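Have a look at the structure below before the remarks.
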Amino acid sequence: MLSRTAASLYWLGRYVERAEFTARLIEATIRLDALSPRPAGMGAWESALAVAAADHGFAATGEGLNPANVARYLTLSNDNPSSIRSCLDSARGNARAVRTALSREAWEAINRAWLGLRDRSSTGGTHATLALVDAVKAETRGFEGALHRMLRNEPSWFISLGAAVERADNTARLIDVKYHLLLPEGEMVGGVMDRDQWTTILHTVSAVTAYRWLYRDGLRPVQVAELLIHRRELPRSLAASVDEVVSHLNLLGKRTGLQGEADRMARARQATMARDSIDRVIAGGLHEYLSAFIVENSALDRAIGKQFRFA
Amino acid sequence: MRLFVHHRTDYRFSEPQDRVVQLLRLVPGSHIGQNVVDWRIDVDCNARLRPGRDGFGNETAMLYIDGPVHAVSLAVMGEVLTQDQAGMVAGAAETLPPVLYIRATPLTAASESIRALAAEVEGADGTALDRAHRLMALVHRRMRFVPGRRIDGRNAATAYAEGEGNAADLAHVLIAAARRLGLPARYVSGHVLRPAHQHEWHEAAHAWAELHIADFGWIGFDPTADRCPDDHYVRVAIGLDHRDAAPVSGTRTGGGSEVLDVGVRVGIEG
Amino acid sequence: MGKRAAFDEIRGHEGGDAARPEFAALGSWIRDTPPAELNRRQQAAEAAFRQLGITFAVYGEAEAAERIIPFDIVPRVFTAPEWARLSEGLVQRVVAINAFLDDVYGARRIIADGVVPPELILANPQFRPVLAGARPPHGIFAHICGIDLVRTGPEEFFVLEDNARTPSGVSYMLENREAMLRLCPELFELFPVAPVDDYPDALHGTLRSVAPRGRSSNPVCVLLTPGHFNSAFYEHSFLADSMGIELVEAADLVVDDDIVWMKTIEGLVRVDVIYRRLDDDYLDPLVFLPESVLGVPGLVSAYMAGNVTLVNAPGTGIADDKAIYSYMPEIVKYYTGSEAKLPNVETWRCREPDCLRYVLDNLSDLVVKLVDGSGGYGMLVGPTATRHEIECFRAALVAEPHRYIAQPTLALSTVPTLTEQGVAPRHVDFRPFVLSGADGVTIVPGGLTRVALREGSLVVNSSQGGGTKDSLILLDRPQRGGR
């Protein structure tokens, strides 16, 4: 496989995952906003900007911080490189450059998602935003379905590898922001507001029911963190993403006979994580742990690029 | 005359290059009045050189260097025996008929003023050979020869409008005007011995034109000196213009900028 | 010319509703299918094309401005004997084109024998002197030719233009057929139609057959595209996909030691055959345009060394040049020994005084073309031109007659086409694709029919309101499966 093709597939996986994550983030934020008493709802949108690493970018637009503006910035803005539209643009650009490596169905799913946003100029009200976000989720699910029906060989592995690396990054940022943002003044840890925020995180990664299955004793922040970091049963947890990276690298290694620095880094990370516990993580500082994870994840991303000669 | 040619090209890159690929036209052929005794190209790093021959009959070499490349130095050293043929070219490997050389190229397209230059000669009496000589004299008189001026893809029209240029510029103007007169004209890159300066390094290889005159064939005309090449000249490569015959056409893969340093020395002692 | 009603390929010269007897079944299908139903199917086809991304970029508009070429649901049909005659003529013409190219880049006998004036070839910018003497593997230059044909009557086919560089449009032949099979399956039960879907296999076979000697056991073929911003990118990816070969960009290739390699995740892999959809000028910055960033430095050197096959070979533009076109009948006869089976459109070379006089006397009836112009630039269409335009051209012709040719305005044939007013005749042309490999010449029975959708228009160009149709070649006898 051409190195350029591999790079495009990997980035296709990353961008589709990022688009979907942003869609989920908006959905959960709308929910949190609706639950919160005014004006605390703005905190939900600020937090969404921070999770998407779009807070500085948004500030630079000079627009007022209100739900409509933030929703538009996260969804449709061409100035925001991680808006859903920008992600789908990039995903389609990569897909288009490697069409021969994709199944017709996979290409059509991406193209349809892109067409769906192409002519939208505004998100409309909350209702319309939710509808739009739903549509994006449906299209990306369609892409995942198509991906599963593609031949099980290098193209689908590179896409999945990119998606897993991106997912690890997204989930880590999501948890980190909860600890980053202070609760509004007067709110108590464990209070209604705090609860809502943790629930929102679970919503973002579709884990509300999963949490209830795995933890029978009600919502406890430490358990939410444990679920999102260590529980392999949850597909969006860090542990599950880390496993997935290892297994896709293994598949690629078997097919191409190439093993390298990326494999070693991914396996080392997997082994460390298996020895970890949430108590140790909390003791060492959750924010510090997550920051280190994000840095390590980007180092792994670079190692992958080097190993498969992306440049 | 026994001429010794030493032609070196040094590149220094501000950032290491992944790859350098160059097309070299540095090797002269032998013909009547020019006998190549010894000729070699040296590269100062691990490189592969592939000899070839292009459609014009030029001897070429492809140079391939893997990165990282910080600097490259190409050295050409050769020895040639020459005889004065009064500019006439005979016995060379002519692969293409003269009629090819009447077409204009982007570098040799005639402007209004070059057409006027051609017209000055066109009306005059005399043979085609006389007109060719007159044309060379006119270019020589109208354009100041600035030997060191870098070739930067300037076309004949621009150079003529500026009234000065290097050897390639003057050759391009002469070629453009000659083709207007219906004379096939081609570009020649090569070397010239300047006896008073034979121990100095010059900043560029030389260039002139050859015009095809009925009953005579190809004859060289050097508008920088207003004379036909004699035994002081070594012909290396020909083409429709500089692009076809340049000593080096190169590309590199990698960022940054490059510094190019060319030195040519032609002498009668090795 | 032009006064008589155009020949309709289905209904004949007479016009009216009755189809020619051999097309009776199609005639009834057109008559019996309600326009609303045709319309529905046509829209379904266009929606599918859009979803597949069969688009072309419109220059000067934003990248998002990708359009589909309009598709017409009413097919164009050729009978088996018509196709057989066309095929013979196409094979003859393409054989001559390859012999011509081999000659002009080699011995130049045709010049020595005085068949074509030397300056027309040698002083022509399409002749690439730097490539003289280079002979591609197996001596084939134009492996893929698209020959543009027009028709004016039942037996009257003319070659309008040869495309011997990088002809495009074959993906429409294939995708239009896919759409027709899905949307109008009943048509294919009315009469047996020759399949076109083996074109990618035929093309791949041709590519493999011309691999350099010594590399022929399992040659690596790739398709070189300028990139996904190119207007024909869909076709590039479609063809690479259908053949199962890599779709590469220049940056994916390197030349080392006069050998071409592609960069893969496992390292460098040697490339033997490059189906390049990149113009000569951009192929290799060392030899052609030095400012090209789309090209591969050293590619021409690898080609001249015989280490890689370029499909088509560089320099083939000299064979489809307008100035050379007018000599094609002589060229065909010179190399094949027989008269051209497919005639040219009558062409006056203004460089010849008698022709110039005739052209100047009949400017208002003729189409005058600049020899080195393209895309409709530098063209005079006499019957629709203003007095002023005609006088401007007259002056230009007198000043530089050698730069012009003139042709009559042809009454192009029409084919029933779905319009807003129901099914009505529209003018068409036809581009079949001819493959030349080491194993001979192959023509897949089909091609690209372009249709001028505006009433009375003769311009089939997609940028000026042209659309496409499926082109059905009928088989002689119904072929039934069985054992």
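We just call them A, B and C in the order they show up, numbering each chain from 1.
One rule holds for everything that comes next: contacts are C-beta pairs under 8 Å (C-beta built on N, C-alpha and C of every residue); 3 or more make two chains touch, one makes a residue touch a chain.
None of the values given here were measured: they were computed from a predicted structure.
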Touching groups left behind when chain C is ignored (all other chains fixed): A | B
| item | value |
| --- | --- |
| Pair of chains joined by the greatest number of C-beta pairs in contact | B-C |
| Central chain of the complex, centres being mean CA coordinates | C |
| Longest centre-to-centre distance from chain C, chain (CA-based) | A |
| Whole-Å gap separating chain A and chain B, where each centre is the average of the chain's CA atoms | 61 |
| Euclidean distance of C-alpha centroids - chain B vs chain C, Å | 41 |
| Distance from chain C to chain A - Cα centre to Cα centre, in angstrom | 48 |
| Touching residues (chain side chain C, partner chain A) in the complex | 50-53, 64, 227-228, 233, 237-238, 240-241, 246-249, 251-252, 262-267 |
| Parts of chain C lying in touch with chain B, wherever the complex brings them together | 108, 111, 118-119, 122-125, 127-134, 254-258, 285-287, 290, 297-298, 301, 304-305 |
| Interfacial residue positions of chain A with respect to chain C in the complex | 1-6, 93, 96-100, 104, 107-108, 111-112, 115, 118, 154, 256-258, 308-309 |
| Complex contacts: residues of chain B adjacent to chain C | 19, 21-23, 48, 50, 52-56, 60, 62, 64, 66, 95-97, 99-100, 102-103, 153, 239-240, 243-244, 249-251 |
